């Protein structure tokens, strides 16, 4: 494959021409595709909430996919601060900014489970079975250990052998009904996170 | 008596052309990244990403084969006093007045110089290429060194390409050279004209 | 998205639209208000849907330990004993892309359109066009872009160009609990910084100042520093950042010159051929040689006109 | 908080001590940076560690953990000695002029009446005011009476000299004086300091008294009731304020009403004890309304079954035998450890990680018959029986506890209200369905209750009356709606409620009440939590209000959500005005004032709205004396004036204030015999340790969240450079930290921010130990930090001493 003069001229000419034209800015015009990513919250549904972590009580806006139509399962896709909120004014701390990963944590519990005495595993049970068994255990313990009168014969009506540790982030409504139920049972070993 | 002399063995020729092909591929892929005006060359390699992926491997392969080639030819490429005289008469060289030049051995001084330039460029390209090869060595070097290597790589490539342009042109210009590398043989007349000392030397053997 | 005109584009030699007068934006990071809470880090990752690996603690608060393809911003902590006041200072800086007016990454990038600069000052990477060479990393005076090991594409802070495009502030700005990160027009941010600097001076930081380095044409992410005379105290913030001269050499005027040189070499050969012509071996038989003559095949092929 | 988050912007000086607001409450801390930026405020941080709050402070002072009473006691001494008090405020609004009973004494570290065997003060009768012939407390406005509170106070703290305080706290004297000097400046009526504290004060064996000392400083400076002032407890959890307000504690009922003790068999006496008559003429003594709140509560709980005949179901309330807090968690876990507890419920709580001495807590749980976990997340406690190697080395097969784990919704999946630290009740809305079969806590409690009620109805059993008669009017009995419950705790009229003066009907039967002023003791109203009354009125859900208008520019936003009590944003705000009813600083600190006819202002007045200044009613209307107390009467377990006691694990082994061995540490703390033996000594455990949380994590929840795990992936401890050198430790090494109760291993963060202090002539190193890791989660697994902490609590709150104990540190 030897090159003859004509071929040689051709190769040189095309190469040189192309490169110099290109260098002078005559390259074929590139298509400028839209580079900005789409704004991901367009058409999501906004719900107001309060951060469940510390007691600053920052306002949140939760954005969920779906418009609430019957055939859509809403899923929260983004959470950010509520700019109208007079305390946090839209800001969130690192925990609050990462709330999405709390909502979608792989370690969220999904089903009632029981670990039987001595067992090394969880067994999934139905709500009915779980609540039924717990109620039976509670009643047995209450009936056996309820104290109506103390040694001095004073009316005391207390149940000390079962205790209840209430939450720190559950709502007032949950707390209120918890208190109502727990006290009606006569429980005194009742506490919450305020203590620690 | 056979009028033809073997100048390159089949192995040498294969080696040379393998390096040449890899040079073209590495060169084109490198040029695609060298200047925006040549980015279209990346299309030859399946796009920018493939160009980025292939280029270092092409370069590495080129280097390894070149290394073999260089080892084969290194002993013919020692410069001597005749070579210096040859270089001084560059004007005679370019104007085809070979009769005025000192007698040339297997390679003339220009070829020898080119050989060493190629060796140097290849080494620089290899070392600097590894330094800027992000996919495998991204964490290994500091940014200062990487920047230096990028410049060195571009510079060495530039020099190499210039050298090869000269080399290719010389092959076109000096009739008979192309055949030497294609078929391995040259005529005695060709040898006497361009490499008289070499002809005498093989005659003695 | 008028405010998102592209005014510079990597590996592109033609001019970009320049006619519309788009105001520049800037993010101002006030290190004197920053408590290093990392909300910006988390908000950035949450918004951009990034989840870095859960790493290790290497003996410092900085986690992850470095910027990454999936960690676009990072709080860096430095403990400094001020020799003048005798006080310990915990200097905390949010690291990330500075969105330079003269972006080194864009200069270094060989892939057309993989890096763009918008008229509002945002420098953004387009991973579709990124070829993964990592030149942007070498080009950056602040050591910001990172290549992903997953897809070998370069990533960095986008200044939330998707949020800014619809009139929102970047995610880190929105979340910052103490107002250490603020966002607005570059001019407003400079004015805000001036107020902050005055306050800092009044609190005894005589060298307080704004970090908006001229070496890169100014930045669209600026810092208020208590010690503006010593930016390197803040976990190695460059004192006088500029695109490295090596990068300028590599990506500057030398490139077209080199192209021209190569073209010139080819031309030189061409004209030499035209003027001097090929170097041919004489056809006379070798004196004292056998009479059988074999034509030099190369000559035979190259110049058929000379054939008898 | 007496004040609220956004109000911090009005401060001239912010003191963060016993807390680390920047770390634990960054979005609230914003208002500190706002005060600095826009009010030229200064920030002072006093803390064992140079922490994130200190990083933006104008002045930082190191202190040995557990010695804050000494620091603040010294400050009180400094203020009194240098006459840096807000005289008019102190004289008019506090008890300085009150004369204390004869017999009150303080000697050798103990107040009078101490019983060493009981480790308490059983007889506190002398800790009270001298009562005059007119039935009122005796006062001496000239402050010359030797037993007037002012002189007792002065005398008590005269021992807290700068030299002594510096030697106890390890704070360099020069730095300490700079801090005191800056604080003293706010004694000017137009200068206000706020104190922000949190568990850094609470979690000591003398935590309550530390807080009291802080409050006393604020009273001397005239900073309580002021905008930008107050004592601001930064509550830890999103609704711990609300759950405390709702009385979910052993000894409480909703709205800080209290359970009767065994001795209170008589309902009338129970009420009488809680409705104290004013101790000075013209005072309001608001608790005189106690019975209205109590009866309304019993009507909310027992409906028609609570009648005047059965004393509003008085006997259906359990009575407390244990003194003080009763069955607090330390007590209950000690009982559990002794095998006296059979069943236990953990609703959104992780005690094995959250309580001290994990070994004891784990052993206690293993003695339960059944344990019920309700949580959105897989807590460590729910798996206390799982062997997790050295993190939880237990014999699973030997643990006979049946554990039920019930999945609950998280905040995003339910409607409801939370109370923030500023006492704002804020409503939130559900955004998605919970995962799997998770249910709300409300549905779980209702489901349990119904099964129990059905069992009692069918089989009978012990004392079934309160269970069978509990009022349950909800539309869906198995899943009461949050708004039904919210309406119930607000309260409604059961019969027409009318104004006793005019006879006008205020609320018709069945209507929601407008506020607790409408509650009645005759059974005509029901309200589940009187202080929340006003949160869901006839006008609707006040907690859901979203008007953030701030007409006075002081951040009060009265139209946003709803604050208890009565939508009041700053407690004791009457004290922001001088005795004549005008703001102390009319230019910048206007909160409430007397407009000639009534109290008005930027906030809801915390006062009788029509009581003119000349009537002489004092601002602290909840107290029978009408004024704030320096002298705590018999309300505190350790005595009326805070005194410095060493942590139970003290690095110096003595109390530099007095030689009495009984008074080294809090003589009235909550401590159990078997735990006393587990306290370590400085010879074996030479370093002072303190535990805390980090801004990147929330307790033991966020180790389940990837984004949080990324920002702080692995357990570490912080040690100073000097200690690291001494022990051959470099940053990133693994170290073993051990106390007398166990050990943890973690990565060492070596820092300049923890420096050795000179205490009592000795060099004391402090070690910082964050708490967030455990044996499950997305973050790297680690040890439970509370393996190390001592099982001892404050004498009043029973809060464990997580903040100060002794450890040893070795390189692994």
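Per-chain numbering from 1; labels A, B, C and D assigned in written order.
Quick note on the criterion: contacts are C-beta pairs under 8 Å (C-beta built on N, C-alpha and C of every residue); 3 or more make two chains touch, one makes a residue touch a chain.
Not measured: the values here are computed from a predicted model.
Novice: When you take the mean of every protein CA atom shown, which chain's own CA mean is nearest to it?
Specialist: So the chain sitting closest to the middle is A.
Novice: Report which interface contains more C-beta contacts, comparing A-D against B-C.
Specialist: Answer by contact count: A-D.
Novice: Average the CA atoms of each chain to get its centre, and name the chain whose centre is farthest from that of chain A.
Specialist: B
Novice: Could you put a whole-Å number on the gap between the CA centroids of chain A and chain D?
Specialist: A distance of 28 Å separates the two centres.
Novice: Using mean CA coordinates as chain centres, what's the chain A-chain C distance in Å?
Specialist: 36
Novice: Nearest whole angstrom, what separates the Cα centre of chain C from the Cα centre of chain D?
Specialist: 52
Novice: Give me the residues of chain B that touch two or more other chains.
Specialist: In chain B, the residues touching two or more other chains are 35-39, 172, 178-179.
Novice: If a residue has to touch 2 or more other chains to count, which residues of chain A qualify?
Specialist: 2-3, 8, 19, 23, 27, 79, 81, 88, 91-98, 100-101
Novice: Which residues does chain C have that touch at least 2 chains other than itself?
Specialist: 12-13, 37-39, 41-42, 45-46, 112, 177, 179, 256, 259, 262, 266, 269, 273, 298, 302-303, in rising order.
Novice: With touch defined as at the start, can you tell me which chain A residues reach chain D in the complex?
Specialist: Of all residues in chain A, those touching chain D are 45, 47-60, 62, 64, 73-76, 79, 81, 84-89, 91-103, 105-120, 122, 127, 130-139, 141-143, 145-146, 148, 150, 152, 154-196.
Novice: Taking the touch rule as given, give the residues of chain B at its contact with chain C in the complex, in rising order.
Specialist: For this pair, the touching residues of chain B are 1, 3-4, 32-39, 42, 47-49, 51-53, 94-96, 98, 132, 134-135, 138, 143-144, 146-148, 150-151, 154, 158, 161-162, 165-166, 169, 172-179, 183, 187-190, 192-194.
Novice: Under the touch definition given earlier, write down the residues of chain C that touch chain A in their complex.
Specialist: 1, 4, 6, 9, 12-14, 37-39, 41-43, 45-47, 112-113, 116, 124, 126, 128, 158, 161-163, 165-166, 171, 174-177, 179, 256, 259-260, 262-263, 266-267, 269-270, 273, 298, 301-303
Novice: For a test of understanding, state which residues of chain C touch chain D in their complex under the given definition.
Specialist: Within the complex, chain C contacts chain D at residues 32-39, 41-42, 45-46, 51-61, 63-64, 71, 79, 81, 87-90, 92, 177-180, 196, 199, 202-203.
Novice: Within their complex, state which residues of chain C touch chain B.
Specialist: 11-13, 110-112, 129, 131-135, 137-138, 143, 147, 152, 244, 246-247, 249-250, 254-256, 258-259, 261-262, 265-266, 269, 272-273, 276-282, 284, 286, 289-290, 292-294, 296-299, 302-303
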